[in-house]
Each structure stands twice: as C-alpha cells, then as structure tokens.
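Below, each structure is written out as structure tokens.
One chain, subunit A, links the two complexes that follow: it is found with subunit B in the first and with subunit C in the second.
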Partner chain A sequence: MTDIRYLAPGTLDEAVNAFAAAAGAARILAGGTDLLVQMRAGVVRPGVIVDIKKIAEMTTIEETPEGGFRIGAAVSGARLAEHPRFGKAWPGVLEAVNLIGSKQVQGRASPGGNLCNASPAGDSVPAMIAAGAVVTVQGPHGRRQMPVEAVPAGPGRTNLTPGEILVSFTLPPRPAGSGDAYLRMIPRTEMDIAVVGCGVSLTLEGGKVTAARVGLGAVAPTPLLVGPAAEALIGSRLEEEALAAAAAACSAACRPIDDKRGTIAYRTKVAGVLLRRTAAIAAERAGRA
Partner chain B sequence: MSRVTLRVNGEERSLELDPRTTLLDALREQLQLTGSKKGCDHGQCGACTVMVEGRRIYSCLTLAVMHDGEAVTTIEGLGRPDALHPMQAAFVKHDGYQCGYCTPGQICASVATLQEIEAGIPSHVTADLTAAPQLTAEEIRERMSGNICRCGAYSNIVEAITEVAGRPA
Partner chain C sequence: MSILENAKQTVQGAAQAAMKKAIALAPDSWLPGGQPDPLIRQQHGLIGAPVSRLDGPLKVRGQAPFAAEFPLDGMVYAAIAFSAVAKGRIAALDLAAAEAAPGVVLVMTHANTPRLQPMPLFLTAEKAAGGDDLPVMQDDRIHWNGQPIAVVLAETQEQADHASSLIRATYEAEPATIAFAEAKAQGTEPGQFMGQPLKLEKGDAEAALAASPVSVDATYVTPRHNHNPIEPHAATLAWDGDRLLLHDASQAVAHTAWSLAQVFGIEEKQVRVTSPFVGGGFGSKTLWQHQVLGAAAAKLAGRPVRIALSREGMHRMIGGRTLTEQRVAIGAQPDGRFEAIIHTGTVAMTRHNALPEPFILPTRSAYAAGSLKLDVEVAYMDMLANTFMRAPGEAVGTFALECAIDELAAKLGMDPVELRIRNEPERDPVEGTPFSARHIVEAWRAGAERFGWSRRNPTPGAVRDGEWLVGLGCATATYPYYRMPGGAARLTLTRDGRVRVEIAAHEMGMGTATAQSQVVAERLGLPLEAVSFAYGDSSLPGVVLAGGSQQTAAIGAAVAAAHRVLVAELLQLAGNDSPLAGLKPEEVGGLDGGLAGLEEPARRESYASILARAGREAVVAEASAPPPLETQHWSMHSHGAMFCEARVNRITGEPRISRFLGSMDCGRILNAKTAASQFRGGIIMGLGLALMEETQFDERKGRIMNPSLAEYHVPVHMDVPEIDVIWTDIPDPHAPMGARGVGEIGITGTGAAVANAIFNATGRRVRDLPITLDKLL
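And now, the complex of A and B:
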C-alpha cells in the first residue's frame, strides 16, 4: 500500500491551501460514501484526503435574511431531513435527498458530495436545479458562484477548476404559492439508481403558473436544466396542452444511453411521463403553500 | 499511521491505524467487537450499521479517523446476552432472522428507526412533510430498506419493531 495522509483542517483557507498544494493527488472527503467505495475499488488512489467536515461553513444550514437557505456542502441528508423548516420550504429537494442510498447512507452523504461525484443519475441534482440553487466555490484564486447545473461536466467530472472546493448551496426565497417535487423512475421500490429523475419547481398565482423550473437526471451525461419545459408551463394553468408541450420538451432534451437500467427509447418516453407526474405534485403543494 | 480516540459503548479506546482503515475494520479487527458484520463492505447491505453520535451509519463507509472523540454504539453496547435490549428480545420473540448474520445491523437500524420517527424526521414515504410521520409498516419498511436480509425475515422484523414501538417508554 502506498502512503496516504488524512487532513481535517478547521478553516476553509487551510483546506483550499492543502487541496491546491497536493496538485491533483488529493481528494475532498465530505460524507465519504462515494469516495470510500471508489478507493476500495481502486478507481481512485489519493495521496491526501482532505476532510472538510471540521469546517463550520461546510456543515451548517443557515436561513438567509432574504428568506432562502444556505446549505454547507458537507451537510448530511439526515441533517437536512431533521431541519424544522427546510423540508416545508423545499419538499422536493428534501424528497430527492431522502432517496440517496439508505438512511444510513443519508447519515453521512451530502448534497455537495452528490453534486461533485457528478453521476448523471445523482438524485439531489435535478431537484436542486429545479430549485434554482446557486453554489459557492472557493479555490486558490478566491470565491465564485455558479448555477448548480453548471457544476457537472460529464460522468465523474465537474467544471470546478483545479484546487476549487464546493462550499455551499444557496436556495432562493420561496414566494407564496410555490411548491416543488422530485420523482425518479426505478424498477425497484427503493435503494436503486435513477433510470430517469425529474425535479419541478412551480409558483402559482390564482391557478396560473408564474414561475417554473425543470431539472432532469439520468438522461444525458449531466443532469439538465430544461428551459423549454419551464417555458411551456409558465403562463399556463397546467392544462393538457401545456403539460403535453412540457413533456415533449423534456423528451426532446434527452440524450441518454442504453444500459441495463433502461433503453434510450424508454428513458426518453419516461422523461415526459415523469414531468407530468412531478408537475402535478409540485402544483398541489404550491396550492397549499 | 494516525491516532484516533473513540468512545465505544461508553469506553474510551485509543487506536493507531492506517488512515484508510474503516470504522468497521477498526471495531472488528482492532477492538475485537465482532458483532458488527462485514457483508458487502460498500454500503449496500447494512450488516455493519452502528450509531455514531446517536446517528446510524454504515461503519464500512466511514474512516475511523473521521470520528476522533466521537461516541460509537455497536450491538455490543445495546444489550448483552443476560440483559437484552427490548429490540433484541423482540427479534428473538418474533423470529426476526434465520441465519443471524444481518441481525446486529438490523437491530441497530431498528432502534434508530424508532428514534427517528419519534423525533418527527420524515422519510421518503412520509406523504405529508408538514405533519409528524406515522408509525406504519410502510414507514418501517422504507426506513429499514438499507438493511438487507437474504433469509427474507422481513415480515418478522417488522413485527418485532412494531411491538417495541407499541411499548410505553
């Protein structure tokens, strides 16, 4: 076995310095539920592990003065589920997080890790895209923000530049009449990888959609923001015509692969079906909010 | 090599280990606490479930060095043969196992499941995220889905958990 160093810095600056100094030999450790599996399989062999869970900013959930949420990149799914208000404001994001592995996985695994692992099928990512989450990253050249959908670059790859670390997600304030939802298609009832995942966030005023965002997972090399699907919904009352147009936009956005979980044709069709079902749940929640 | 101190079942234990050592291997190989089982060793079967700082996790998917100073509860800390935890007794009564290999993980997860429902934490099948989750078989099955029993004792496990849940605290 080669040598390995484990670092658990107490500040973000120290983490960024250690990560940059290792120049590609280091891996960031949040919950570890992906990294440990990859290390054991020999897929990655880091010389340095930088554990970011001792950094306060990485592990806190904050309500922003504007009424949104800031979630540290290493906050576990279990902590989000326990938060007294997060799931009420963002039930769709929470239900997506509640689908990442089992409860024991959620005890460690974080939405930040789910995003940076860059699986096309990561469950929390389409829901975060639908929510309009913006991420903060920090690297040797300072901080920057980017929309969550800009982070994944392809399976297992992100658009973070060398030395950059994902710090947090910021979710916007929720206007009255808003609701979100996430559904995934899997052949089992639980503990599986999405064949298709769909996140929808809606704001309704008097039954009319005034704002919408749609995220799709597992149908392309990266999770997608489907602008045309949202445009088809905005201004509508979710009539059949609007839903059909949004579903068609989702299917049109698909660039999936054939694999043991589903064929290209199946995934493309299911993306439209899920859009309809997910939008219905989001609208029902928006009606209550 | 790294040094780490864990509070295992109430007792301070200092270890020197390779930083890649999982919590499961540290418990089994160095502390001889072999109740936690190694099934799949990559977070799918649940046989290695333990509680860390009161939260259930897979000990195979976490490094021991990540838990310096933290409290770990294994099956050995829940009950002893002469003083069974109520969940252990209920598993015996309801035949919540056949071969028994997954049982320590099942029992740790069962105890945590009831604590999580009690604390009002929703699961994926909780229909109304604004109301307290109910103690239904569906909730129990969903919350126990990270623990696989290849003998298929699931219905008896649900009965054991349901009985313990019905007991006055």
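And now, the complex of A and C:
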C-alpha cells in the first residue's frame, strides 16, 4: 500500500504511455469495485494504478451515425441506466450491467471493468456477446478492434497485449423487430454470483427469427458465444423443437466446474433452462406478441 | 386458540384484582413450595410492553461506542499474520521487510512474546472464557491452519496490514488429521458437556427399535459454520503499570477479566473489561487469542493497542460450530407412540477445546419414549477450536430429530403435529422431574390455526403454483432454561426518585437493558424514565454470561435479591414516623414512586420522602442471586412450534421460503418488541442454517476456503419472508419474572421445518445441510 503510485491521466495517450511504462506492474482502475477488493485481499499488489475515469472517451455514451451505441469502458452502470435511449435499444445489456453488485456498486462499476476482470461469471459479458458488441482497444502499437468474446482468455486473464487498454464497446444498430435479454441463476435471491448467465439477442420478421446470438456465462473458463444455439433459433418461429435444440446446444457448450454455488450437472442443465427463458423474453421484446 | 384465550383471561382476571396494589417482593429462591414472582401477575404495566430499545437513538446517531471505536492516546494498530499449514513448526520467519516497513512499531512473534499462561478454557472453571487452551505465541508449534504466527503494531491500520503482508514464514509441516473420515478412522471418544458424558441409555433402544412395527433410521449431516456477527471481533486496550484496561466486544466481561488475569499472572481486579455495545455475539464473543496477543503486544510496545479482526481474521481464529453426522432412529407403534428413540453420531473437535457439539440435548426431554439411546462421539482433528454458536446442540440436533419425526409421520400416514402431540411426555423422560411449565401443545394448536396447517396436503409434490412446488412443514423448537451461578447486582436509589441498576451483564443488541429496565421500573413502582441500567463492565457486580439464553433470568434473580436488601434498608430509614412504620419487607411493595403496604396501599411513603427525612442522598443495596436450584427440581425448557411454507422451482430447484411462523412457549415475555426480534433473528439464522451457511474446509490443507461474506453465505433480505411470531405468554411459576430465555430458541427446529416443508413440496428428503438448489434438481 505504501509504494503504489496513483495516476489519473486526462487523455488516452497518456494513460497508454503510463500503463505501458509500468510494464506489468500497473493496473487499470475504472470503478475499482473488483480491483480494490482484490488489493485488500492481497490478491493483486499493483505498483501503479492508472485511473481512466478522467478520460472523456472512456466515460461517455455516444450514439453512432449508423444508429448503434459506443459506450466508454469506464461508464458506470448507473450512468448507463440513466441514458434516455440505450435501455430501449438494449434492455438485455442494460439489465446485465445493472446486475453487477449493489446500488452503491452500480455508481462505480463499469462494463469495461467487468470484462477485463475476466471472471467467467461476469454478468455483463454474455449479454454483450449476444449483442454482438465489438471492443476498441488501444495500446502502444495503436488501436484495434475485436469481438467482445475474444477478450477473456481464462479466469482472471484477457487477450489484451501488454500495455493495451480497453477503450469502448460498440453495439451495432438495432433493426426493427429486435430484442435482447439477460437472465442469470444465483443460489441466493440477491447479492450473489451467477452459476449460469445467459444473454440472447433476437431479430424477428413476421414471427420468424432472422438473426440470433447467444452468450453464456459461468459455465466455462470464459463466457461463451454459443453459435449452435443461435443457429438452432435462426429460421425458426421459436417452436418447441427449435428451443429444445438451442437449449441442448447451450448444455453441450458447457465446460463448468463444481463449486460452492453449483455443481457441473446443475450448471449444465440450467444453461438450457435459461436459454429458453431468456429467448422468450427477448422475443417478447422483439415484438413477437 | 380457545385454550390460550382461557389462560390469558385467567391471568388477566387475577391481574385486575391486583391492580392498584403494590407489588410484593420477589421470592428469595425458586424451590418447591415457594411462591412465584409476583411480577407474573402484572398484566397492564411495563412487563411485556413493546418498548423500543432505549439505546436506539444512540446507535442511530453513531454515539454508541463499539470496541474498535474507543480512542486511546498514543494508540497503535495491530495486524495478525496467520499460519498457512495445519500442523508442524515454524522453521523460519523472515521479518526484515515487515520491520523496515513505514510506521511499524514492532513485530511480535513466538521469539519475543512475553511469557504467558494459556487461556483458561471455557467451561473448565467458573469464570474461564478461553476459546482454546493452547500456548499463545509461546513456541514454534503450529496447531491449525490459520493460527496467529506474528503480530505487527504500526501507527496506522493500513501500515500494520501492509507490514503483516511482508512477513515470510517457512514451515516444517507434519502430517495433520484434517479429513473427517481419517479422524473417525483413528477412533472416537465419548463427548463430555459441562462435566457430563453425552451418552445415555434408557432401556434397550436397539431391541425396541427392531421390534417396533414402524420405524425410521437415517443419517443426517450438518456442516461447519463460522460465526459472522455484524461486528467483527475487536479490542482496544492499554496497560497502566500492571493494570490492564480492555474495551472489548464481549458477552462475558467478568469471565474475560478473570481469564486475562490468569494469562498474565496478575490479580483479577487488575483487569477491567468494558463492553458497552456489541454487534452480536451468538457464542463467539468470549476470549480468543487476539485479546491476549493485543495485550501482550501492548506490554511489549509500551503503548495502547487496537486489535480489530478482519472478516477473514475472524474465520481464521474465531471458532464456530463444528460438523455433525447424526443417526436418528425411531421405532413406533401404528398409533404413533414412540417405543424407541436412538440419536447417536460423531462430531469433529480439537484436543484444545471443550465443546463437542451436544446434538443430543434436545432429544433428552422432547418426547416420551419407551427407550432412549443417546451418544455423541468425538473425532479429533487438527483445526481451529470449535465453540458455542447459537443453540449449540439444539440447532443441529433438532434438524436431525425433527426431520426423522417428519419421516416417521409420513410412514405412519399421520399428521406430523398430531404425532408430536401424541408423544408429549408427562414428566421429563430422562430425569423424571416435573416440567416447570410446558405448554407446547397450546403452542402447536395456536400455531396450526394461525398458519392454516389444516390446509396442508399431506401428499408430497401435490401442490403446484406454476412451475413452483409448494409445501408446508413443521418442527418442534426447544431450548433449556438455564440460570448460572454468580449473578449479583447493585441498586442505587437516589433522593430524586431515580434508581440505577449496576450489573456486569451484556447488551449485544438483544434489548437486555431495555427489558430489564422495564422489570426494575415495575418492581420498584417507578416510571421507566427513572431507571438507568449500567452493564458491560467487569468492575460492576456479578458474573453474568450472556449465553445459554440465561442472562434474562440471571439478571432478574440478582436484581430481585438486591431489591429485597433495598426495601429492608428503606424501611429502616423510614422509621416510626412513616405511614410504613411497623411493616415488614414482605408486607410492602413498590407503588407510584414509593413503598406501600400490600394490604393497605394507603400506607405509603415515596422514596424521595423516605430519603429526605433520613437526610440521605442515596441508598445502595447489593446482593447475590440465590443459587439456581430450580433446575434441579423441575425440568425447565422453552418450546416452540415452527411452521414453514417452502416453494421449490421444479425446473431449477431453487428453494425459497415464502412464509414462516414461530409459535413460542417461553414463559412470560418481558418486552414484546425485543422478544419478537430475538425470535425472528433466531429463525432467520435457522433459515441460513437450512439453506446456505457452510464453512468450506479444505481437507487437503486444513484451510477454510470461504473466509468472507461473499463466499460464506447468510440470508440477505430477499431470502427472508415475513416471519410471524406468536407466544403463549404463560408465565413459568418457577423462574424469576416467570420468564425463560428467548435468545437461542428461534434457530432450533427451523432447519427441520424448512427441510420438512421442502419434502412436502417435492417429495425429496434432503438429509445433508445446507439444502442447496443442486440437491433439489
């Protein structure tokens, strides 16, 4: 605690330079709701903390000319909830982000931090995967983009290269007839970590699914994009057969562990259950009714 | 309901006849042939009134100082480093970085800790308070994974924590017994509880079981639990020469003072322990190594010390409830009468503590049975000393026993409430003594009516609400009445008509000071505002443990004894010029701020007048409570009928509790509000026991793996439904104030009521706690 340097740069370039210069000894501070807890527990001992909340690009929500959204990596859950249009376009992503921690934590916690913390059970990640979010990353060698599901590498590890900082999420424009949803299963009724999290995004035309994406969390070392589940839904009218196939695909994708909150068998089965429930909500929001 | 109403009307009738009369002195003993406490006839005064906690405003304003909030001049802060192996010795401690870290005052290890005696182990002497009797940082031996190996003192808590993290220990580990199966295989020994073997046989229960037409026989398992009161353990302390002042979070101030004196080889009077406010104890707030280490380090540093445990620190060094593996077998006739109850099993314990979780206690007196076989065996492990945790024995013992009764009821095709009532004993089944006051049947009837028990469908899995399966379950709650020796109190009556009560008792959030102020006001005929209640200080009279649900009775008996002395003194002072002249203490009582004749209330003089005429500013009376002989003449227990409605999602297995009712029989209730909170708190802790609490113990390393509230789950608000609580309010004629304790009983029976409701909902019988969703899938 005595030897930590705290930096709060005003620009992304400064942040990247400071982060890269610290050569692995630095940690990025967005909301700090994971970092500070880990520091107190002695899990991480950074020499430098780079606070990114003073950087405008990291803390703003923009609507793109194409009709999508660009969310700064350090935007808090509370700020996202207050946005007049974001929750209408992406209710599933919003509810997932808003599940991170308590009301107080929501004032700090961000989707960028949730992704980079790289917990297999991070709530916002499956919803972002379902949404088809693309992240922008900036490092010493410039900017690049990657699909959100490519960021986590394993529990506590990401595929960002040394010195790279997650800058923002870009969510695509929403065609008419689209809806998304996120559900998680927790043993306790609140203040708990998911044993399964499921995000589903659907686009329907005349009751028929024309586009679908499915993200699953807490069932493998990283949150998963479940292509076969989406394929089972596309072209269907969400009939029992299609839902059963998608649920089976979700269960098949699971590679979980047993832990205090749930067994392998439990997680595997409930992944399919949540797919059905989440798809139903997403379809409702897409205007199937 | 009608039985209850009748009982209430009878008591009310007696009360109305006695209204406007002075209240006679309480008896000086509770023995056969004696009179009950006259307070039990008072129905319209302060006794039982739902008075809000008197310390509520202080707490809301942040003006109630807790142990870690006392400022002391020149104080330093302590941090503790813990062992990472379960057994062996410390080969080396690298302290260089820690000692060089900013703000560090000293690092204390076994190399420089002052010579100390081990803590007197709880239950081994009248005032022993220690959680273990190991050497405290006196040598290089390691006894459990999590044992303190070093204490850092620094100018700030952050500096101490940081320096502590820089300590590098290397160990010579030795083979440790850290797997329960291995411990059992090494052989078990019979458990002892308060000097008595936890073993009992009445008749040949195994033969009776085998001969019974209907029987059940199953094994129930309960896990380790860690204490998690809202206030972590802490002490702020200072030496003044060879006198120690310790601001503690304590439920045993006098015990702690005496025990610390033994540790440091000084006189009991040289140690003063205060504990004005405590954020929950539940059996954990006794003497553990942190107070000893803090005091030793303060001696070494020559400065006051604050030693406040982190949540992880609590899990490492404050013991909790140990695991149990219990067999319950019941043999019955087709009409439900029990021929045999067998309740045996094994618990884990250490060689350095004294509490084998006494799970057979509730079975001793709960039901009539032709034969009984009870036995608690102990398997020894190398782990943190386990200790008392809310209703030790009963909390988990009732889970096994009351689930088994539910299983038997299902087999018999009998209603589980009726099966219990069918086996209601007339006298204590083991001791043969009469019950002092046992109204469990009234509690069952009143509870069943209020809960709507008659609407229960006895067929498991038959009631559905969408994808939820709904079930009702019930269980008996039971906890004994205790009153421990050592109670004493001082009353100081002043000329302004106020009284100050002083007793070394404890307020851990239960409402003790409030309820006892009501009692004192009623006894003395004073308004509540005229009573002040001083407690939480070992320099006050009495040795009063806030444990075993005995504090209410212990304080009540001590105050009643002091009151007798006070009244005698007042009559002497009143002399011959008083309307009271010629009256004996037994002929007067408190009324409207003074003493009055019991037969002639008009013969009255106010306290202020008596003192003014005598030229006295105050009268002080101190006395000890009579020995607690009542428990030798009567079988004294509180009871409750617990009702639960559980909902289980048939697709995801989520168990949710939707309704709960506790119908309690605990004698006279002294404060309807604080007692209801005690019952509810116990029931909530019981819901945690049923559904989520579990210390995860790594049987490869002997380490507790979930030392935080993020991983050690207790119920959150959304897990707790509205909890309804009712009580018989029938006074126990053989207890001070007619009251038995209410602090622990709520957790008893609750786990079984939940498990039985889940069985009724799903048809699935879960015999290993906690009942998590994966067990219901």
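Criterion: the second predicted complex is superposed on the first by the 285 of 289 C-alpha atoms of A that agree within 3 Å, B and C clash if a C-alpha of one lies under 4 Å from a C-alpha of the other, contacts with A are read in each partner's own complex, and residues count from 1 in each chain.
Here is the rule we go by: contacts are C-beta pairs under 8 Å (C-beta built on N, C-alpha and C of every residue); 3 or more make two chains touch, one makes a residue touch a chain.
Small disclaimer: the values here were computed from a predicted structure and weren't measured.
Using the contact criterion defined above for the overlaid structures, shared-chain residue A:94 touches subunit B, although it does not reach subunit C. Of the two partner chains, neither subunit B nor subunit C is touched by A:280.
Of the two partner chains placed by superposition, only subunit B is touched by A:81; subunit C is not.
In the superposed pair of complexes, A:190 makes contact with subunit B and with subunit C alike. By the touch criterion stated above, A:39 is placed in contact with subunit B alone, subunit C being left untouched.
Using the contact criterion defined above for the overlaid structures, shared-chain residue A:266 touches subunit C, although it does not reach subunit B. Once the two structures are overlaid, the count of subunit A residues touched is higher for B than for its counterpart among subunit B and subunit C. In the superposition on chain A, contact of A:12 is made with neither subunit B nor subunit C. Under the contact criterion defined above, the residues of subunit A that touch both subunit B in one complex and subunit C in the other are 1, 189-191. Considering their complex, residues 2, 18-20, 22, 41-44, 46, 49, 52, 55-58, 60-63, 65-66, 109, 112-113, 116, 119, 121-124, 129-130, 142-143, 145-147 of subunit B touch subunit A.
Within the complex formed with subunit A, the subunit C residues making contact are 101-102, 158-159, 161-162, 165, 312, 651-654, 656, 692, 694, 696, 706, 708, 710-711, 713, 715-719, 772-774, 777.
Subunit A meets subunit B in the complex at residues 1, 4-6, 8, 29, 32-33, 36-37, 39-40, 49, 51, 53, 78, 81-82, 87-88, 91, 94-95, 98-99, 101-105, 107-108, 189-191. Residues of subunit A that touch subunit C in their complex: 1-2, 41-42, 185, 187-193, 260, 262-263, 265-266, 269-270, 273.
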